[in-house]
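Multiple structures follow.
Below are two complexes that have subunit A in common, paired first with subunit B and then with subunit C.
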Partner chain A sequence: MVVHTQTPRLEKLRRGVMELYISDHPLDCLTCAANNDCELQDTAAEVGLRDVRYGYDGANHLGAAIDTSNPYFDFDPSKCIACSRCVRACDEVQGTLALTIDGRGFASMVSAGQTGDDFLSSECVSCGACVQACPTATLQEKAVKEIGKPERAVVTTCAYCGVGCTFRAEMRGEQLVRMVPWKDGKANRGHSCVKGRFAWGYANHRDRILTPMIRESIDQPWREVSWDEALGFTAGRLGAIKAQHGARALGGITSSRCTNEETFLVQKLVRAGFGSNNVDTCARVCHSPTGYGLSKTFGTSAGTQDFDSVMHADVILVIGANPTDGHPVFASRMKRRLRQGAKLIVIDPRRIDLVRSPHIAAAHHLPLQPGTNVAVLTAMAHVIVTEGLADEAFIRERCDWDEYQDWARFVAEERHSPETLEAVTRVPAHDLREAARLYATGGNGAIYYGLGVTEHSQGSSTVMAIANLAMATGNIGRPGVGVNPLRGQNNVQGACDMGSFPHELSGYRHISGSAKPARCSNRTGASRSIPNPACASPTCSTPRSMASFRAIYIQGEDILQSDPNTHHVAAGLKAMDCVIVHDLFLNETANYAHVFLPGSTFLEKDGTFTNAERRIQLVRKVMEPANGYADWEVTQALANAMGLGWNYTHPSEIMDEIARLTPSFAGVSHARLEAEGSLQWPVNEAHPDGSPIMHVDGFVRGKGKFVVTDYVPTDEKTGPRFPLLLTTGRILSQYNVGAQTRRTANTVWHPEDLLEIHPPMPRTGASRMVTGCA
Partner chain B sequence: MDPGRLTYMANQIARNLAAQGAAAVEATCQHLRDFWDPRMKAAILGGSRAGLDPIARAAVERLV
Partner chain C sequence: MNAIGGGTASGRPVKAVQVGGPLGAYIPPSQFDLPFDYDAYAAADALIGHGGIVVFDDSADMGAMARFAFQFCAAESCGKCTPCRIGSTRGVKLVDRIRGGGKPRPTRSKRCPRCTTPARPRSRAEDLQLLEDLCETMQLGSLCALGGFTPYPVRSALKHWPEDFER
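Presenting the complex of A and B:
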């Protein structure tokens, strides 16, 4: 059969359709924001439309009011051709189903939410998928209207969450006009969320500090100085402190928002320059249990799957994560799989959106008492083992059989049964049993977890308990299964990979160097071994221990806001002789700083980020740094002010050094990333093209290790004096401490933090549950 | 270093590893060896062991 798509008859029909469209369309092309970027305009030209026989005086929509309620885009119904693309984008790509075509025939109109809603008051989550799909200027970014049509574009990687979406940063001159999700991006597959798509205004916010500042003591006002003076002042102070108190009096905190190359340089500065292992990163208080737990059980400190894997999952178990708010672009893919029929188990004290949303309903929601993760997972293991649901063939082939038997005996004890533990977990035993059976027997089982696991007591034990479940059921080593930590910040995986912990060099090589000498190479090839772990984060020190800790270099993290126990952190910082804050804004930590070094945004630098699926992606400079220097250049300048003699001319040279020192990055280079788009570590001789899925033929550590994980109640109990149980959660429009998102129009959705108070639960007596936001 | 805090932390580690039975002492010791700052190790080695649970105490003694 031959199908003809271009015939005189078809051309006439097409022209007729276009004629009808144009008869009810504003003829304002020259002043329209979508001029030359409009499919309606292009198609009218393609079909040769030269005249509209019907005139323009008939019934039309030209007077329809424009909905300007959304802070980032307008909806102009007069330009709508009711093609339904926006509705389909919302349904099929985003999965929110906020849009519909209201009315029939000529009255058909795109509508957000219910009658009377505008875009802002509707369920629309402002992901931008509808705007991207719109063929006309009906849904149009306000920035394009205000600034004009972009002239050039640079593909780069988002600096918000750990999904690692790639975007086309569309520019007009040196001004960013819009961020459009890149269809070839392997993490986001052309989708975006409100933060990455629209909330980039912080980059040029008036609060940004662009000039270095110093002060002798924190009770003095800041004094703006030149870069040379600031760096000289800083190097002098650090040198004097080192001379007086020794190398261990100095430390640094790397940033999970900065690039791999920048993070690597900060830890190198601490180790090779300061001379200590006093380096730490935000993962200390978020996903260090992931590093520990997965390293112990599987042999690597990272998730096992790529994001695409979720499309092969039959049962999805989400524990301690709220993907629709924390990792929305990945959540959209997860929801698509759920709409296709995959089953969902949610283990969370809160009824997160995934539990029940349009066309999605969790098969099981286990609303556990906060702090009882290990008990719930051990009870699930009890069911799997005692009901004979374990995958013995997989375990015998891939895991240590003796360790499995020890573990199986442990979990099979009656004290771990769902019925016994119900008093602790408050999860109905029957529901828990059904959930365990579903995970073990429902086909490909994939576990996704977040800070509800790792930022709790027994975080490491919970991660190992999760790994135990996956191994016991054979859910490792192929698409659709696995253990998947949803990492928080854009480069928190990379920051961990780059040796940001005191006990590890890049690639998780322990500094004791039992296998190979722990090296902290400089450019001349010299190596030094630093045998002891140390600690830089005030969180893991006591105020008294801070007496021996006199100086700290903090890049891109507001530890006073993000670390627990603010008073504790403040006391530690206040006790120091030199606090150097390297950031975009004068954050709360800067109240205790002696030096402020202006930072650069992700738009102003080259480098790489590594996302939650171990995907290394290029960050490309789309504009010159407003502060004059990219962050890696500032760190290098500080190193050189201390006499280290670094001479990197581009971040690609730093990555080359990382590749030389880090086995899992051996095959990574900027040139390769440029050619291939992205690579998932390990990239080495055994895996030259990277590793989308890990542990395919065997675990990195050899045999998978079952670790016995006993539930240990938290010391933080409720009682008459502290009657409230507090826990944190995610908010779609906000990110981390809000340094970025609170300087954007995202505050429209979340003007202030709120405590959500659960109604008193009769069964729990005085205990109440209150949820804050983070 | 606050000796009381270090004792509390060592006991927490030991409690989490106690279910490993005979391996618990070595696992606790290895944890302290791998992850504790030298100042923390020196402080717990030099301090009173009165508040340490049996597993934690044995681990600290093995740390010497």
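Presenting the complex of A and C:
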């Protein structure tokens, strides 16, 4: 068969349809925001439309009111050609199904939600998919209307969550006009959420500090100084403290929002410059249980799958994660798979959106009592083992059989049955049994988890309990299965990979290990004379050990807000002689700082981020740093002020050093990333093109290790002094402590944090549960 | 028509029959010998449709009936495809214009030089050509039979009773 797409008849037909379109379209092309960026305009030109013979005095939509309710884009029905692309984008890509065509015939019109709704009051989550799909200026970014058509674009990686969406930063001169999701991005596949797509205004917010500031003590006002003076002051103080109190009095905290290269430099500065291993990162309070738990059971401190894997899953188990709010772009893909028929199990105290939303319904929702993750997972393991649902062939081949048998005996004990544990977990035993059977027998089973697992006591045990379940059912080592942590921040995986823990160098090499000590001490300067690494994060320090710190360098993290027990953190900071805050904004931690070094945004630097699927992607500078220097340059300048003599001229040189030192990064370079778009570590001789899915032929550690996970009740119990059980959750429009998103129009959706209280909360008796945002 | 049906209700002579529903072609008495089968009707640019027959006496205004076809299509259109959604509404207006003698259009100040040339009055011949072009666009470009069949009554009315379009 021969298909002809261009014939005189077709050309005439196309022109005829275009003539009808234009007979109901405003002829304001020259003043339209989409001028020269309009498919309708292009097509009219292509088909050779020269005349609209119907005239323009017929029925039309030209008087329709513009909906300006969304802070980032307008909806102008007069320009709508009712093509339904926006509706389909909302349905099929985003999966929110907020848009529809209202009315019919000539009155057909795109509408958000119910009649009377505008975009803001509708179910719309402002992901921007409709704006991107719109062929005209009907759905148009306000920024394009205000600034004009972009003239160039730079592909870069989003600096919000751990999904790691890549975007085209579309520029007009030095001004960012809009962020458009990059269709070739392997993490996001052309999709975006409200944060990455629209909430970048913080980069130019008036609150940004652009000049270094110092003060002798925290009760004095800040004094703006030159970079030289600030760095000289800092180096002098650090030197004096080191001389007086020793190297162990100095520490640093790397930032999960900064690049791999910047993070690497901060930990290198601490080890080589400060002379201690007192380095830590935010993962200490979020996903370090993931690192520990998966390293112990599988051999690698990261998730096992790529995001594409979810499209092959038959049963999806979500535990302690709220993907539609926390990882919305990945959630859209998960929802697409669920609409295709995959089954869903949600283990969460809250009825998160995934439990029931348009065309999505969880097969099982296990609303557990907070703090009982291990009990629930062990009960599931009990069902799988005692009902003979374990994949014995897989276990014999891939795991340590003796350890499995120990574990199987343990979970099979009656005290771990769903019926017995129901008293603790409050999950109906029947539901739990059904969920366990579904996961074990429903085909490819994939587990996705978040901070509801790791930000708890017994976090590491829970991660290992998850790994046990996956191994016991053979759900490891191929597409559609696996154990997948949904990492919180854009580069929290990378920050961990780069050696941001006291006991680990880049690539999770233990500092006391035998792995090439010469390389370590030469290149990173890790001081091997320190036998017991301390921990820099105030969270894991007792007030006593915190008091031994005299100086701390904190890059891109507001520990006073984000770490638990604010009073404890404040006391620790207050006791220090030199707190260096390196950040975009004068954050809460800066109240206790002596030095403030202005930071740069992700738009102002080169480097790489590593997302939750171990995908290393380039961050490209799209504008000059407003503060003068990218963060890696500031860290280097501080190192040099301390006499370290660093001379990196570009972050690619730092990555080259990381690759030389880190086996799992051996094949990574900016040149390769430039050529190939992204790489998933490990990238080395064994995996020259990276590793989308891990543990394919065998576990990295050799045999998969079953670990006995005994449930230990949390000591965080309600009582007269603390009558409420609180837990944290995610908010779609806000991110982390809000340093960025609170400085954008996203506040329209979530102006302030609220405690949500379960309506039928009993006044007496059982503990009450309240949730808020983190 | 006369033998079985007993002629028109008014007793006046038959002017046309519409076969197959509101979107069937109008057939003049000169073609009443047409065999009632699919192929013969298709060959005569008509259709059997649901098989119903509506008889019009000589008081029928076939220009108005062409207009009604567009109006019916506009009323029933779901709006999904452009030829039907916009075309049916434009068709009503266009028949009016043809029957009204081709009034010059009012000009609009804002127009895009890339898209259109300035408006000018249309001749009757030009408007009849536009009507044919619209019928072709709707017939070939519509997604379903509503827009796709609307040209049947329009074209047949214009073909057999062109005088009803002159007023």
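Going forward, the second predicted complex is superposed on the first by the 751 of 774 C-alpha atoms of A that agree within 3 Å, B and C clash if a C-alpha of one lies under 4 Å from a C-alpha of the other, contacts with A are read in each partner's own complex, and residues count from 1 in each chain.
Basically, a residue touches a chain if its C-beta (ideal position, glycine included) is under 8 Å from a C-beta of that chain, and two chains touch if they have at least 3 such contacts.
Computed from a prediction, not measured in an experiment: that's the story for all the values here.
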Which of subunit B and subunit C A:Leu210 touches, first, second, both or neither: neither
Touched partner set for A:Ala671, first subunit B, second subunit C, both or neither: neither
Subunit B versus subunit C as contact partner of A:Ala686, first or second or both or neither: neither
Partner chain in contact with A:Leu724 - subunit B first, subunit C second, else both or neither: neither
Contacts of A:Ala65 with subunit B and subunit C, given as first, second, both or neither: neither
Between subunit B and subunit C, more extensive residue contact with subunit A: C
Touching partner for A:Pro502 - first (subunit B), second (subunit C), both, neither: first
Contacts of A:Asp710 with subunit B and subunit C, given as first, second, both or neither: first
Subunit B versus subunit C as contact partner of A:Leu755, first or second or both or neither: neither
Subunit B/subunit C common contact set on subunit A: none
Subunit C-touching residues of subunit A, taken from the complex the two chains share: 9, 12-13, 16-17, 19-24, 26-30, 41, 44-45, 49-59, 81-82, 84, 101, 103-108
Subunit B-facing residues of subunit A, complex: 248, 410, 458, 460-461, 502-503, 510, 512, 532-535, 541-542, 544-545, 548, 707-710, 712
Complex contacts: residues of subunit B adjacent to subunit A: 1-2, 5, 12, 15-16, 18-21, 34-40
Touching residues (chain side subunit C, partner subunit A) in the complex: 74-80, 82-83, 85-90, 93-94, 105-106, 108, 110-117, 119, 122, 126-127, 130, 133-134, 136-137, 140-141
